[in-house]
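The data blocks that follow each hold one structure.
Below are two complexes that have chain A in common, paired first with chain B and then with chain C.
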Partner chain A sequence: MDFLNAFVALANFVIVPALAYGSQLALGALGVTLIYAILRFSNFAHGDTMAWGTMCAVLATWGLQAAGVSLGPLPTALLAIPVGIAGAAVLVLATDRVVYRFYRAQKAKPVILVIVSMGIMFVYNGLTRFIIGPDDQNFADGERFLISARDFKVMTGLDEGLAIKTTQALTMVVALITVALLFWFLNRTRTGKSMRAYSDNEDLALLSGINPERVVTVTWLIVAALATIAGVLYGLDKSFKPFTYFQLLLPIFAAAIVGGIGNPLGAIAGGFVIAFSEVGITYAWKKVLGYMMPESLEPDGLVQLLSTDYKFAVSFVILVIVLLFRPTGLFKGQTI
Partner chain B sequence: MSGETYGDRGNKDRSITNPAGMGDAWPVKPGGAAHAAPGGPFLIGDAMTGGYGKGADILHGCTIAVERGEIAVIVGPNGAGKSTAMKAVFGMLDLRSGSVRLDGEDITALSPQDRVKRGMGFVPQVRNIFPSMTVEENLEMGAFIRKDDFRDTMEQVYTLFPILRDKRRQAAGELSGGQRQQVAVGRALMTRPKVLMLDEPTAGVSPIVMDELFDRILEVARTGIPILMVEQNARQALEIADKGYVLVQGGNAFTGTGQELLADPDVRRSFLGG
Partner chain C sequence: MKKWLLASALPLATAGAAYADDAKIGVILGFTGPIESLTPSMAGSAELALAEVNESGNFLENVTLVPVRADSTCIDSAAATAAAERLVTTDGIVAIMGADCSGVTGAVLSNVAVPNGVPMISPSATSPALSSVEDNGLFFRTAPSDARQGEVLAGILGERGISSVAVTYTNNDYGKGFADAFEAAFTAAGGEITLAAPHEDGKADYSAEVGALASAGGDALVVLGYSDQGGKGMIQASLDTGAFDLFAMGDGMYSDALLADLGSDIDGSFGSVPWAEGEGADKFAEVAEAAGVNAESTYTRESYDAAALIALAMAKGGESSSAAVAANILDVANAPGEPILPGELGKALEILKNGGDIDYVGATNVELIGPGEAAGTYRYYEIKDGAFETVSFK
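Right after this comes the complex of A and B.
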């Protein structure tokens, strides 16, 4: 019984939240990895692309809610995701046309594009705050729990409850579908293959008749979609605040690099590694250990290794360790 | 944008930059049109002068041509501009003067993609495959511009290079040097080109593999495709050539049939080692 209680407590406070958070990070890291593989730089504006796309979706959600549209138990924001994607696509394509294309034509070195993307990041940052403000916005509606802790206790008769939020379940389902679609697109469709070819060898892609500008456009479209979906899922799960999305950049980059940047499988694995480390290290293990250990050894303190305020330090430390000992990441070879 | 002032600092950090697979060609800007220019050889780069981007000229009035059903070979010392001449014919550098004509049309203003559509197949010297993609995907990418069913062409390529059929599910980057070259040539053949351009197909392979590659190239030529080829192994290449061009410092030094050049005492002394 104690073992089951310990496991349920662990699932409730670590496994389920980390799975949801990991899925959000994985989607974010996939966007970063695609830009890295095809446009060949690390896009520092990715967090703010997510913020912008989510903002568009939030505004659309409010519009739908005002018009009385509802999905019943599911959040209305699901209906607004296409609007968010369209908004993000317009923004990134406009940026590409005005800014990135200029540097591509100059054959600028990738590091210059990294710095350029930082400038873009500040612009996006300002744009989002200018429109929706810097404050926390809540746009989640519908059923809050798939299973609430109380129901779970009644159902199983255990002391510990396992709560699964609708948004957490939704996050995992949507992430799974998105990733499956992305892999199908990259490996089975002509356009997807041409993107991989361009990533592998730009010159040869050019003289195979692949239009580089088209590859770049499609890439930005996919990235806009991934960023918006990740952003909306994160916003539903927690809340939408532009600064939080800017901060997400760190765990997202850590996830992409831990997995092996440029490799989509790595981005997904990296997302979960970072999420489980972050949640695991900032969780107070007192309860789980209390169930598992003999009474005499039960801990007095919270057994929380790090305050949640420092959770970003976790991604930073993992990032440093990976770069020191396995700079290519878990999955070697950068290929999309 | 990436001049000496900034050097290469920061570009070696693979966690933020990814130069692998990055292009270095300076393609002719797309959007140019071809116009009729009847007469002359099947494919000719006529009096070409130019270089990469805003850099110094590498070619100085260089002319190379190939006729239907022929093999033309470009030879010359290192740095003579052999590969550059080939790239110029394919539209991968800016020509300041001169013209390129294919099958009665002036295609100087066309981008490389448009030249592929008009029937030019080009195999670069290095980085001529998509290493992380399978052999079959490499061939599919070769046929990217084709909207029709290309399975029969793929079948022909597999017949020409049987080893590729066995390895078709394997990543092309995992193959041996000679096999990669076969993938590269196969990829170019997928468009059913009217002319095939090979840039040093035997670079970096062992002599045995080199002989086999030459045999394969002759087989391709026997299917009726004219071949324009840059080659380091001048003697062997001239033996199979209908026409040879010796380039020196970006200009034509000697021109003639393969046998003539092999017999020419000047050419023998300077380029063939006596």
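Right after this comes the complex of A and C.
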């Protein structure tokens, strides 16, 4: 019984939140990593692309809610995701046409593109705030919990509760489907293969008749989809606030680099590594150990390795260590 | 060189002559920056008080009070110091109504006010650190220190019989100062704080903080943050995981948006918020409305009171000098004397003129304690059926 209590406490406060957060980071990191692999620069505007796509989805959700459409226990926002993706796609394709294509034609160095993407980031930043404002927006509806802590306690008779939010479950399921689709696309379809070929060697790909503009367009479309899905899932799970999305950029980049930037598998692994290190290493083990240990050995202190102040430091220490010993990331990505 | 000196001295001399009867009051607030939406109403309220004094005709013989605005930016200490320096050296102000945010207020006080002997009254700086700062008796505030709110909140918890709590605060001067004050008051009263964990605003995920706080345990979670920032995120995550279901909240958490977002989940939670009620606040609303100033905005009452105190202190001292303001503020703010409400500054000036005593009550029931800061009235509220309900005033 005590063992079960300990496990449930751990699951409730570490495993479930970290899995959901990790899935959101993984989806974001996938977008970053794809752009790095194919367009060859680190896209600093990714967080704000997420914010923009989510904003479109939020507006569409409000429209659907006003029209009386609902998915029952599931959030209405799921229906609005395609609208969000379309909005994000229009924005990134327009940006590519107006800005990035110019630098691509000049064969600008990646570092120039990075700085350009920072400029884009500020423009997106302003656009999003201009339309929806800088405030918190709540657009989640439907059933909040798959199982709430209180219900779980009554059901199992344990002292500890386990809460699983609908949005957390949804995040993991949608992330899984998205990742599966992406890998199927990259490995099995003609367009996906041409993207990988373009990523491996641009000149060879050109010689074998691959249209580079088409590869770029498809890449942006996929990135818009990934960014919007990640953004909507995150917004459903927490809430939508443009500034927070901008700040998401940091853990997302950390995830992509730890995993090995340019490698999609690495992005997913990196997302979970960052999420678990943020939540896990600063966890206070007092409660869990209290259940596991005999009474005489129960800890008095919190048994916390590091104070929660250091949670960001932890993920960046991991980043530094990985780069020191495996400069290409956990999975073999490209060196930066 | 001589010519240049002469040329630059000339306009100064004529300016001095032309405005000999003006006493300039610096209004240093963050007209740009994070609180730029609040400051126009604050400045308007302060200038309202000065205008009222001028119109009464009972102020010092031939002296008119002239407000001079400057931008504190709320966050940039160097810019605020430069702005204040300019007011003192170029405009020759005799007193400062401001500054607003705690950080820049401290900077202006130690870099400009103290070296030049200019008194300042802040309407909105609440950091406890300002209570013990070296001020040569020049610093006052009409906003209460968060140290006081820490005591109030600890008292509320004591009243409810809650003796073990976890604390989370926003990681800045406000949150840290507030949390320290609360911790001191709560442990002194025999309470136990299981863990005090800071949270960063605007971050992606608060599971780590909530996990640690849940392990530490406690009967309630004390949230000293902002309702539209990490404070709400912490409450949301605590509710979701079932870590805590009772919350005690500081003033930054008081907002209708919080109720709208969290709904009935936080019924039964409670908190404190600085509050002005009663005759003074009503009277101020009346006066401000007549003058077209938004009285409902934050810290407008404190701003009106700050400016009024400067004028009354001058009248009491019988001259429009910095020394008169610094020496007489406590005198006019506190008992004994005739109680003075907003809109009655003319009456107050007449009493002072005739050598009488006044007790300025103002819009916020001004009572300056300790080193010259407002005791403050706090509203102790509880959330019932998705609305804030007043339990009592403290």
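Worth pointing out:
We adopt the following convention: the second predicted complex is superposed on the first by the 307 of 336 C-alpha atoms of A that agree within 3 Å, B and C clash if a C-alpha of one lies under 4 Å from a C-alpha of the other, contacts with A are read in each partner's own complex, and residues count from 1 in each chain.
As a convention for this text, a contact is a pair of C-beta atoms (placed from the backbone, for glycine too) under 8 Å apart; a residue touches a chain by one contact, two chains touch by 3 or more.
Note that the structure is a prediction, hence the values are computed from the model and not measured.
Touch criterion met: A:L302 reaches chain C, while chain B stays clear of it.
Looking at the shared chain after the overlay, A:F13 reaches chain C, while chain B stays out of its contact range. By the document's definition of touching, neither partner reaches A:D48: not chain B, not chain C.
In the superposed model, A:P110 makes contact with chain B only, not with chain C. In the superposed model, A:I261 makes contact with chain B only, not with chain C. When both complexes are overlaid on chain A, the residue A:D96 reaches neither chain B nor chain C.
Of all residues in chain B, those touching chain A in their complex are 1-2, 6, 8-11, 13-27, 90, 92, 112-113, 116-117, 122, 124, 127-133, 137, 140-142, 144-145, 187, 191.
Those residues of chain C whose C-beta lies close enough to touch chain A in the complex are 171, 195, 197-199, 202-205, 207-212, 214-217, 228, 232-233, 236-237, 240-243, 257, 261.
Taken together, the chain A residues at the contact with chain B in this complex read 36-37, 40-42, 103, 106-112, 114, 190, 193-194, 196-212, 257, 261-262, 323, 327-328, 333-335. Residues of chain A touching chain C in their complex: 9, 12-14, 17-18, 21, 135-136, 138, 148-150, 161, 163, 165, 234, 238-239, 241, 243-244, 247-248, 251, 275, 278-279, 282-288, 302, 304, 307-309, 311.
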